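Right, I'll just put the structure down here and ask away after.
Chain nomenclature is as follows: A, B, C, D, E and F, assigned in order of appearance, with residue numbering initiated at 1 for each chain independently.
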Amino acid sequence: MFKRIDRLAIELPVPAHPDPNGASAVQELLGGKFGEMSTLNNYLFQSFNFRNKSKLRPFYDLVASITAEEFGHVELVANTINLMLTGTTSYSDPDAAPLEPAKHLRMSLHFIDGAQSSLPVDSMGRPWNGTYVVSSGNLIFDLLHNYYLEIGARTHKMRVYEKTDHPTARAMIGYLLVRGGVHILAYAKAISIITGVDVTKIIPVPRLDNKVFDAARVWEERGEHRRLYTFSDNDYQQIARIWRGTHPLDGGKLEAFSGVPGYGGPVPDLEEVPECFAPGLSPEDLEEIARRLSQEAGM
Amino acid sequence: MFKRIDRLAIELPVPAHPDPNGASAVQELLGGKFGEMSTLNNYLFQSFNFRNKSKLRPFYDLVASITAEEFGHVELVANTINLMLTGTTSYSDPDAAPLEPAKHLRMSLHFIDGAQSSLPVDSMGRPWNGTYVVSSGNLIFDLLHNYYLEIGARTHKMRVYEKTDHPTARAMIGYLLVRGGVHILAYAKAISIITGVDVTKIIPVPRLDNKVFDAARVWEERGEHRRLYTFSDNDYQQIARIWRGTHPLDGGKLEAFSGVPGYGGPVPDLEEVPECFAPGLSPEDLEEIARRLSQEAGM
Amino acid sequence: MFKRIDRLAIELPVPAHPDPNGASAVQELLGGKFGEMSTLNNYLFQSFNFRNKSKLRPFYDLVASITAEEFGHVELVANTINLMLTGTTSYSDPDAAPLEPAKHLRMSLHFIDGAQSSLPVDSMGRPWNGTYVVSSGNLIFDLLHNYYLEIGARTHKMRVYEKTDHPTARAMIGYLLVRGGVHILAYAKAISIITGVDVTKIIPVPRLDNKVFDAARVWEERGEHRRLYTFSDNDYQQIARIWRGTHPLDGGKLEAFSGVPGYGGPVPDLEEVPECFAPGLSPEDLEEIARRLSQEAGM
Amino acid sequence: MFKRIDRLAIELPVPAHPDPNGASAVQELLGGKFGEMSTLNNYLFQSFNFRNKSKLRPFYDLVASITAEEFGHVELVANTINLMLTGTTSYSDPDAAPLEPAKHLRMSLHFIDGAQSSLPVDSMGRPWNGTYVVSSGNLIFDLLHNYYLEIGARTHKMRVYEKTDHPTARAMIGYLLVRGGVHILAYAKAISIITGVDVTKIIPVPRLDNKVFDAARVWEERGEHRRLYTFSDNDYQQIARIWRGTHPLDGGKLEAFSGVPGYGGPVPDLEEVPECFAPGLSPEDLEEIARRLSQEAGM
Amino acid sequence: MFKRIDRLAIELPVPAHPDPNGASAVQELLGGKFGEMSTLNNYLFQSFNFRNKSKLRPFYDLVASITAEEFGHVELVANTINLMLTGTTSYSDPDAAPLEPAKHLRMSLHFIDGAQSSLPVDSMGRPWNGTYVVSSGNLIFDLLHNYYLEIGARTHKMRVYEKTDHPTARAMIGYLLVRGGVHILAYAKAISIITGVDVTKIIPVPRLDNKVFDAARVWEERGEHRRLYTFSDNDYQQIARIWRGTHPLDGGKLEAFSGVPGYGGPVPDLEEVPECFAPGLSPEDLEEIARRLSQEAGM
Amino acid sequence: MFKRIDRLAIELPVPAHPDPNGASAVQELLGGKFGEMSTLNNYLFQSFNFRNKSKLRPFYDLVASITAEEFGHVELVANTINLMLTGTTSYSDPDAAPLEPAKHLRMSLHFIDGAQSSLPVDSMGRPWNGTYVVSSGNLIFDLLHNYYLEIGARTHKMRVYEKTDHPTARAMIGYLLVRGGVHILAYAKAISIITGVDVTKIIPVPRLDNKVFDAARVWEERGEHRRLYTFSDNDYQQIARIWRGTHPLDGGKLEAFSGVPGYGGPVPDLEEVPECFAPGLSPEDLEEIARRLSQEAGM
């Protein structure tokens, strides 16, 4: 089971300007083959299908708890897209074609399917799909896959970072480069423990340190690249048996924590987009709704 | 953000016999257009993209908290599939073709792609995909969609219930018919509050009461069809402004609760399937792994 | 525009026994790459996109009118599937698992997605999709495509004919082999007129005459392989400028007709399938509906 | 069966200027999940699979006849796209790259796959596919689905209307907003009659009246939002048992008609696009074709 | 089996300027329905599945050897795309967003998924897929299909030629128009031999001679439209039994050759794209790698 | 460029009995995500897109030459499927339904789409598609991907081996386990040389030695697991700089060879399947064809 917290992993900057084609690039990090929906669903299914949990508890705990963190990453990328789209159009009468500024943009779905908000598709509009999930049941293979997958995800994040300097995109990617880096290392350590081959020495791939990226460095300076969380109140504690020792890149001490990180940020309260009929309720509607919500008996 | 609990929504019966083609039918409830991945991802994206949260808080809370419950439903269906597949084959030497019993079964992916475990596909092996998500930003439309989607999900559950009497499948479906019924009613109430049209009077669709299904009735007798949970420690409390009054079918009092239900069951510890190399570690491997996990310095 | 007639192209025999796996094969003729949805939508789009209609009227009329006939073919195949599925299961209490007879069948969608009825998918459950449509705008290429497509459709029909001797399937395929043969010849004649190369001499492909198939021969004996219809009250008359002369296989006279064929059959009134909740209305419901339909003011 | 009429639902304005990226947006209304191919094929399959037609004739007639109207809507949207693309490029020698003006446009398929004409894809080029069809066999569920689908289709139309003020697009969307509104109301009335819950009171969703849109208002002023047609010579007359009473928005009298509307417009005769080799025939070719068409014996 | 030669079919001009949206159009010729991956895989599977090879050797040899040539065409188109993308961006620090020039381009995959290089997708980013392959086993049908497929491929090439005058694109398309023309004629001759109907008289379709295209004419002037190669050291010699006589368009003598053409060009050595981390190795890395490659014992 | 040899990689045993559902499992090894089409196309595109070939020649040669071997593997799997299907049905008159034995089989496409022969789909009929290709341009990432991909391919082969003991399937899989094992090791060595981390020590994954499989052991006994071939007459010689030293599992000496292996087997001459109209030519047809092939002038 899962519990939800009405907070984002970090506070996202509310931007002054939109970047709709930047947002279309960020979709790759959400619904692409190497996007957050992929990391989430791979670990989700692997945790469901994990065999011999009792004897391999630290590894199960690792996969299961990273899954929980990934939900928050999906959420963070989606909110980033929403903020990047904010302000692309402005209201006018339908006959004045208020959505015309979006006519030449790359991702028409943002304006027709959704109301200038995120969708489970990649940067070409191709829907995320279940063939992106590998859950073979063979532990070494699944871990190798996760290691490879996270490196692919890192590569894509680095490239999207280079595609836009939009402050919200940068803040999100900087943070996720660091957290994704933790996952790469975590899976590398798991492989190393099982096979005796120290694949942590291969990172970073690509061979640029996260510290090269301004928006990532700030999180490394806070030590966030050395922390793994259970994302659980009481479970998955055995991640600490894997996540210990020192970081291969800067020698810092790895630390495992119970629960979620202490920071985090508010969920943005997205403004209305009346030209997209979102949420599509007038002041009178809101008043009437408030009245009904307050009626003695539930309707 | 999300936190994970290492418990299933309910205790699943560990079956004496497998039902692999039954498991292939249950895949429809996991990765099908009306499966739990669809309900989960629809509400997940709608909660991300919700506009004017501050003025429409009860509705945002409703969608956001049901999302959290749906994660547990995905988990429950996946675990059911895993238990239904348990025992389909038994170990022998590869040259003796231990997987031959699976050769004529419907879902070859269960035996080649995975190690007799769940996948994000439907009953025909078609991958779940992002076109199954609707997140228009228009609140009434999104709620109407959710209402329709849950009714479709209910229809599929009822039919899969009728396709197999495997005890694990029945236990899971019985429970989800009740919880899905709660979601139908919750969305119906939300629509009614916004529009003034009491669509709670339309249910049940199909017009069979959950009580007709033995495995659902036991949960209704416990009153589980009248309870909605926030699936959160502190947030989403305003679901109680929508989820109140009486149940349209039996007049029972609707009650909203903070947190997760008090019941729940253990996550099954799936046995090894050596003929699928899952998890694929020998006793010697396990010993060596234990040794490495206990080394002073983390590897 | 289109007008609909509540009649099938032919009278379909109502079978004594179901053939559900036969029905799954027939799905290939409906939603497969060479199925009726493909022929329909190819010609539909080609007729929309036809350039220089005024100077090429006979060819436009040909494509446009065959489109109209294809709608009826889609309808005929769908109804055949429905009749082939009739009787696969019988009603009992949900807890008695009345759909269990369907558990090992090939096409689970027939029992979960639909209520033992047709879907726009092929024999593997793969959805029909728009990449199956070719509408290049180049007339010779489009006609060559149609000629090839119809030959492919014929090949598939011949093979499905050989997969089942179910009387409804046979009646449908026999008829469509003849009508599809007319379309092959029509496109062949169009190509011949434009290019001067008599590709009518290539048929039949595969090199078995329709007369080899009992269920097709009856229609050829009625001369149906020599008739082309406008499937229109007043339009598309210029098909007669292409469809004339003699049939290359038996020398019979080709005749073009205005309107639809004089034969045809009733649309089957499919029985209820209460174990699939289809249509899912009780006698009391029906009574109440009748009452509401008769109320003075429309509801 | 179906008969075709060589007329469009309305007369489309022939535009002075192209709007190719506008045309790519309009593709969403043709091949998108909520496009006309979806409404068409949903009702087409539901009409095929309708159970207990004899006892539920008015509902069968409703679904079956709306299907027929939808064919004309698919046709209308496709022709609109064709007109919006007209003039995007102009002829020159291939070596002069006459299609270069299209190089940066969104929908490359319009220029490579087709000859500046419509395709069964959405605004991102994703092919329409059969998973967009719901035909559950449960009447209430299918009608709820149709009601939801039409509201989604309306939302998309309203947004595309706002994306372009191209006169052909506007004329088409204005008309279809009105006709789609009729279908929403028709399904709402059907649901109301079966369930007793008056869901007609929920419309319009989104909560903008069609009258807000100039190009729709002209059709409402003609009363076209109050008329339902059988789109059949003699069948489907029982739609009148559902389509009666008054319109919930303006109180006007609902009227059912046999046949097709009396208005309508000519099918545009699309000009040659020699730089796309469409239709790709020279004056000499045309002469030779004319000669062959006039030969005594059919070739 | 296949052997590879580290040479391209022709020498591709190394361009002075990039044409990234041109490259996105060229993707249609690689991964589109009528692209080189389609011709390759169609003939590949048909050659695997060819029945009665002994009695139909010339036809088997034809399909099998053209397959081998198609591999080189896939390679040529891919290399063209790579050269067309070269120089789209230039290196700078990641924080300076060096990939921003690509933000508004059509094919985001070229910059996120790949490092400014080719992918198995079409001009809309839709992945090539196996439904594009026809391998019916019926020889006449398969040959008719190939004839149609090659004509479609020619149409697409002609249109992409007109979309960009980039020198690398033009050189590649000019050559492939000629070689594709050979394949059209080869399949036409095969059909003619089997059926007695001379379909070679239908070409060219579209009715523009290759000689109209500057970049194609140079190859026709060299006689390359009259030569067919076995693309094999010793096998497939019986293509000469089909490929003989004269060319229907210019009357030149058709000649079959053993092996590959005598011309060809170097495989371009693509430069590093450090802003895409490709290949992502520093001078120090290269030095270390060189050292390890030279170590006495293989690592 | 590529040259083709009319030989298979090994001699496939011609079986006494068919195994059609076994053949459907083998499709996973052809068109599945981890099938031979995937390995082939991944390396094919990576070789096209390889940057800095001059400085990284041994790695380019490795990827480029393994590509060439993979073509032969695709061919071998396809021929295996064809032989496994041989004899599933036998000829009779179409009206006697000669394909009925195939009605309940898993892969209907084998009998409708093809003539009992291979297709580019996986074991569920899902088409192979281009999203299975990774070609990032980052050398370490691409090699890690290939290493992971080959391990996945090995896992699938091992499971399909266990699903059927059909002699043709076993012969093919045994051989490919050995050759795939060579590729795993080759990529592992490449990674080790670049990164200094010896990932060859991780293999075998899954942790069963190939020698456990009878049909693989015979090839290891011949030393085939220690040989890498250039699959080229003259190129790709620098694979020898990577492929040297000893095998990590048995200490045998690794040897690189120019060209293709010396063994190999004949391409099976598949018999006619007249009930599938394949190749669909009568003795009279063959005679006529022979006559036309011998005519003085090419037709």
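Going forward, contacts are C-beta pairs under 8 Å (C-beta built on N, C-alpha and C of every residue); 3 or more make two chains touch, one makes a residue touch a chain.
What you are looking at is a predicted structure, and each value in this text was computed from that prediction instead of being measured.
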Checklist outcome for this item: Note: chains that touch chain A and chain C both are B, D, E, F
Checklist entry - Expressed in steps between touching chains, what is the minimal separation of chain B and chain D? => result 1
Checklist entry - Which chain's centre, taken as the mean of its Cα atoms, is farthest from the centre of chain A? => result C
Checklist outcome for this item: Comparing which residue numbers chain C and chain E contribute to their contact, where sharing over half means same and under half means different, the two sides are same
Checklist entry - Can you name the chain that lies farthest from chain F, using the mean of each chain's Cα atoms as its centre? => result D
Checklist outcome for this item: The larger set of C-beta contacts, choosing between A-B and B-C, lies at A-B
Item to check | Chain centre separation in whole Å, for chain F relative to chain B (CA means) | outcome: 39
Item to check | Whole-Å separation of chain centres (CA-atom averages), chain C against chain D | outcome: 22
Item to check | Centre distance in Å when chain A and chain F are each reduced to the mean of their C-alpha atoms | outcome: 38
Item to check | Residues of chain D whose C-beta touches two or more other chains | outcome: 33, 106, 113, 124-127, 131, 136, 138, 140-141, 155, 196, 198, 205-207, 276-277, 280-281, 285
Item to check | All pairs of touching chains, each written as two labels joined by a dash | outcome: A-B, A-D, A-E, A-F, B-C, B-D, B-F, C-D, C-E, C-F, D-E, E-F
Item to check | Residue ranges of chain D in contact with chain C within the complex | outcome: 1-9, 31, 37, 41, 44-45, 48-56, 58, 64-65, 67-68, 71-72, 74-75, 78-79, 82, 113-121, 127-131, 133, 135-141, 189, 192-194, 196, 198, 200, 231-236, 241-246, 254, 259-260, 264, 267, 269-273, 276-281, 285-286, 288-289, 292-293, 297-299
Item to check | Residue numbers on chain B that touch chain C, as the complex places them | outcome: 21-22, 24-25, 28, 32-33, 106, 123-126, 155-156, 158-165, 205-208, 212-214
Next on the checklist: Per the contact definition, I'd like the list of chain E residues that touch chain A in the complex.
Outcome noted: 93-100, 102-104, 106-109, 111-113, 124-127, 275-277, 280-282, 285
Checklist outcome for this item: So, in the complex, the side of chain D touching chain B is made of residues 33, 126, 131-132, 134, 136, 138, 140-141, 144-145, 147-148, 151-152, 155, 191, 195-199, 201-202, 205-207
